[in-house]
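Note that chain A is present in both complexes that follow, paired respectively with chain B and with chain C.
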Partner chain A sequence: MSRNAEAALLVGAAILAALGTAIVTAAGGDRPDAQTALTFIIMLAAFGSLHLAFRQWAAEASPYLLPIAALLTAVGLVEIFRLDARAASLQRWWLLIAAGLGIAVLFLLKRLGIEALLRYRYLFLAGALILFLLPLLPSSWPLGGVEVNGSRLWLQLRVFDTTVVRFQPAELAKVLLVIFLASYLASRHRALSTMTRRLGPLSMPEPRQLFPLAAAWALSLVVLVYQRDLGASLLLLALFASMLYAASGRLSYPLVGAGLFVAGAVIAAQVFDHVQRRFDAWIRPWDDFADSGFQIAQSLFALGSGSLTGSGLGLGRPDFIPSATTDFVFSAVAEETGLAGSLAVVAAYALLVAVGFGIALRARDPYRKLLAAGLTAAIAIQAILIIGGVTRLLPLTGITLPFMSYGGSSLVANVIAIVILARLSHEIGNSASPSSLAVASQLRGKGNAK
Partner chain B sequence: MNTPIRRLAFVLLAVLGIVVLNLTYLQAVAADRYRDDVRNPRVAADRSATERGPIVSREGIVLAQSTPDPRSAQDFIRSYPEGELYAHTVGYSSLLFGDRGVEDVYGAALSSGSDLTISGIIDTLLGREQGAEGVRLTISHPIQQAAARTLNGQAGSIVAIEPATGEILAMYSSPGFDPNVLLGTSPTAGDALAADPQEPLRNRATNQILAPGSSFKLIATAAALESGTANPDTAYPDLLELPLPGSTSVIRNADRDVCGDGVSVTLATAFRRSCNTVFGQVGIDVGAELLGETAAAFGFGDEIPFDLAVVPSVFPTELLLGDPAATAQSAIGQRDVQAGTLQMASVAATIVNDGVVMRPYLVSERFDRDLNILEQERPVELRRAISPGTAAVLVDLMQDAVANGTGRAAQVESLTVGGKTGTAQVPGAAPHAWFVGFAASEDGAIAVAVAVENGGTAGEAATGGSVAAPMARQVFEAWRAER
Partner chain C sequence: MSALVANVLKLAFVGMLYLFLWQMARSIGTHLGADVDTSRKPRRRTGQLTIVRSDGQAGTRVTVSDSVVLGRSPDADVLLEDPYASMFHLRLTMDGDTMSLADLGTTNGTYVNGRRVTGPITLNPGDSVQVGKTIMEVK
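Entry: the complex of A and B
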């Protein structure tokens, strides 16, 4: 595949978004109007400019990354428009902003090199921690946290008591944290994989090497308890465990991490009512249908009503689903496009996993490998957590579905992640035009780089 | 480092695979269960987006209607303006509690105009707007109101029929309920009604059978007259107690006295005064088989063909063959004989209609949005139950019972009224009070059955003559006022 094929796919995604918008408008009994044209133009402008930037500064980058992101964004835009036209027009602006920031990041990476990220890693760590904890600021301050649906995830900027913008800083923190962890773990992966101590049946490295794991555990519990956000907490922990495992090859890290989290969560469930309620709603949603089980039940009703082929765009009732443009956007898509549509969305994330990890496998040094694997894992874990949550596979959590949920912070963060992945794949060099066959064989075969 | 990265990729892909399996289960295997769950708001939305046609009374009073929902342009709200009065006949169409009554039986016609007649299919093909059909009942609103007023919450039911056609003029079951409370998405009110030991949701007029007591003497008399076993002037010994063959038990009269002079009494006198000793003997003379045949001719043992489902009345002939004692008790409407209110109203209507059983019906016509009649119900003769001669004799006997006997309280000035009371003994509880009769003027008639469960508020003191007959009079007066 070439850049030209990428361009064609991006035009296809823009047509898909425009067509979806037109169908939704027609289903509402109106003639397709400026909204359809605007959707097409903005999709084309955002992804077209990213495409041109790729040609300029990441010419050898994998051509799969942008089309997958564009496809998911298009499906999300259509469903958001179907539910809330005002939100869709805001999301279009956010898409342009995300594209602009993505191009800026790509330019900086080209000028300074990926190594620049290494140099400022503690700055990234500090930034990530601050961003994570910002929503704990008092909501009465001009820049303060705000509680939505029982979770304190949002930061809002207010001028004269008018909310100017709301932002979910954890989304961006996630990317910063992956950058930090990649450089931190890359420099220490030998120490981490050398087991010098034994604790019962478990081999242990030097205790001081365990500091990052302990810090991760502590941070995820702080998020769980104070921000009441099981989703961000689980995402953080799974991301830490994944990257520690990738760096060390020791399964004990994810196992101990999971064990610690379960222990922490069990205690939290005993002590904190809101955690208990989340678990109850997961295990027995029908017992407390009217209250804690209501959201997940509405999601399951939507999925069942969608059945195999869906109600058709604009013809279902996703307006019955709470938070349908954000946490539950997947359920809304699944209702209107059926199993066919919902599996297509999951397939797109699976493809992104294959492409992202393909880049990681072929990257030339541990730092680049961990960065690519971490960014891909972050997107994949987040998608799994929220799709699993709205389908009752996992406890329901309030995080966004990458590229699809309404929300500027999420879109910006994920576009930046894609841009970094693109730059990483560009740096691999000439071999960086992998066919899907090559990706598969990379995943299957014994890797040649260590 | 590639090996753990590769494994991590596989784990993430495997988890996505589990997500796919779970989605397939939810959207393919279990989809119907979630789609049709009554708590799924889409189910209610589909209902409320369907306009149902109106149900109106004989006079055109609206009993059920769909009005546009002020909160949502394409939705409708179903309501029952007369509330409790027609709760069992009109019924309800409820998301949580299902459909009942005319709302159920005529649900297809009410909820869409697209019928499967040739013209309906052509209209559909031509894209003509058909709209929901309306349904007109045969029930006369003032008579229905009189029935409700006179029962006044006591457990029981009243059915009134126009004898010549079989049209139901009133069908009321008590205690009732307000069907409007069943329409929402909250089950609280409906669950309370379903759990109420008084069973307000049950339509006692069609779905309850009780011992008919002496009102069954109409059928015993019909059997005796029809078979020639007796005529009104046939004399019977006037006994204090009728000894029952092959049994130690006896049959006594309700007042534990003789019927007439203590020597001999005619069938006519015994009918007027409702003497059990005589009718026990009539039952023995006629025999179980003939009693059973006559009861069956009136409709016992079969589900009455009616708009709503009807529990069949029971005359257990097989149990009585070769058992004259049980046959004697059955002839006075005790033991295992059980009758429904609609059935007994039909008995009275048949007698007034010269012995021909008309099919009772509740819906007179279906009409479209422009009030054009789409289909009109016609009276249907089911069969002849008794000869015109027997019917005429019974009419005379019934008039005598109201003019001079147990049914005096049913008398209405300026109408010809006849009937038979019943006071059915219930072991361990107060008796059921019955009145089965008719009223007639020069240009028409009305047949009525009143059944009051366990005596109503009168309790142990209740008799058919004191409790049920005055209720029948209220219905007759309402009918007269309408003419």
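Entry: the complex of A and C
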């Protein structure tokens, strides 16, 4: 597929967003108005400018990343518009901001090279930790944390007692953490995959090599307990475990990681009320229908009434689901486009993940491989956690659905992840690197060129 | 809005979703199925050798499609960093599934499985090819 085909698909995604917006407006009894045109123009402007930036600074990049992101964003915008027109217009602004930041990141990656990320890895770790912990700042400060729906995830900037902007710093922290982990694990993957010690039936590497895993476990529990955020905590641990697995090729890491989390969660459920309530709502949502089970029950009603092809955009009642624009956007889409539409969304994530892991497989050194695998895993884990959560396959965790949920921080972080993946895939085609691997890739390149 | 129009629009939206995905999935399928090293090029019959012993190039893979000349010259298709190699030392040719080797009349010669090559010779997987101090293994 060529860059031109990518451009055509991006126009297609913009048309889809406009079509959806028009259908929603028509379903409300109105004629399609400026909202439809605005959605089309902003989709085109945001993804078109990213596309032009790709042509300029990552010409060999995989042409699949942007269209899938655009498709998911389009479906998300339509459903957000259907639920809350004001949120949709904010989301359109965020989309433009995300595209602008994405282009800036791509330009920096081109100027400084991916190696720059490697050089400042501890800066990225520090940045990620600070971002994770920022919402714990007192809410009375101009820049302080706020508690929304029982989770302390938000950071708000206030000037003269009016909230200027709210941001979920953990979204960006996730990307920084992947960058750090990729460079950390790339230099240690050999040590992590040689098992020197034996512990009963288990063989294990040198204990000091396990320190990062232990630190990750501790961090994820801190997030769980103090920020009351099961989603971020699960995402963190799953991300650590999958990157350790990618680096070492040992299945024991994800298994031990899962074991640790279950153990931690069981203890947390005994000690903390809010964790216990989450689990009860998952196992028995109907027992406390009016209160803790309400969200998940409404989500299940939405999935059920959506049936095969849905109620039609603008014709269902997804507004019954609490926070339908953010965590439950998948249920809202499932109600109005049915199983057909929601499976298409799942398929789009699957394709995105396939493309991402394809980039990881082809990347030319362990660092780039891990970076691509980690960014892809982050998107995949989020999609699995929240789609699993709203369909009651997994305990419900408050986490955004990448590209689709309403929320600026999430959109910005995911666009940046896509841009880094694009730059990584661009470098597969171009191997003008001063590293020791240059000889090998030069040899290979010449052999193929004949 | 009549129920009929609503239904048509509903199906049009979902249909367009699937059309988009189909366009993507088709080309991603061929993209992912392709050989990992030659991602966006059409798949050709290629052979491969790995340098197993060398002063600086051990582990390097040489992919052969059509015809490739190995030698010490920077103009050779594949550069051999070996003082005993000639500027243009040997030619590897793919013909369908078979790879053959021809020594280009060199001073120090080419050895396949320890025997010096005199004329063009067919290579089989596992064969070792020696040029000076460099040993390659046919995959």
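Operating definition for what follows: the second predicted complex is superposed on the first by the 429 of 450 C-alpha atoms of A that agree within 3 Å, B and C clash if a C-alpha of one lies under 4 Å from a C-alpha of the other, contacts with A are read in each partner's own complex, and residues count from 1 in each chain.
Just so it is clear, a contact is a pair of C-beta atoms (placed from the backbone, for glycine too) under 8 Å apart; a residue touches a chain by one contact, two chains touch by 3 or more.
None of the values given here were measured: they were computed from a predicted structure.
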Superposition on chain A - do chain B and chain C clash or fit: fit
Partner chain in contact with A:G338 - chain B first, chain C second, else both or neither: both
C-alpha centroid angle, chain C to chain B via chain A, nearest 10°: 130
Touching partner for A:I428 - first (chain B), second (chain C), both, neither: second
Which of chain B and chain C A:L90 touches, first, second, both or neither: neither
Partner chain(s) touched by A:L361 [first = chain B, second = chain C, both, neither]: both
Contacts of A:V11 with chain B and chain C, given as first, second, both or neither: neither
First (chain B), second (chain C), both or neither touched by A:P67: second
First, second, both or neither for A:L137, with chain B first and chain C second: neither
Which superposed partner A:L351 touches (first chain B, second chain C, both, neither): second
After superposition on chain A, the shortest CA separation from chain B to chain C (Å): 11
Overlapping contact positions on chain A, where the chain C interface meets the chain B interface: 338, 354, 361, 443, 446-450
Partner chain A, residues of chain B touching it in the complex: 1-10, 12-13, 15-16, 18-20, 22-24, 26-28, 30-35, 37, 39-42, 45
Contact footprint of chain A on chain C as seen in their complex: 1, 6-7, 9-14, 16-18, 20-21, 23-25, 27-28, 31-32, 36-41, 46, 56-57, 59-68, 77-79
Contacting residues of chain A [partner chain C, same complex]: 1, 5, 9, 12-13, 15-16, 19-20, 23, 26-27, 29, 62, 64, 67-68, 71, 75, 309-313, 315, 337-338, 340-341, 344, 347-348, 351, 354-355, 358, 361-362, 428-429, 439-440, 442-444, 446-450
Residue numbers on chain A that touch chain B, as the complex places them: 189, 242, 245-249, 289, 297-298, 300-301, 303-308, 317, 320, 334, 338-339, 342-343, 346, 349-350, 353-354, 357, 360-361, 366, 369-370, 373, 377, 380-381, 384, 387-388, 391-393, 443, 446-450
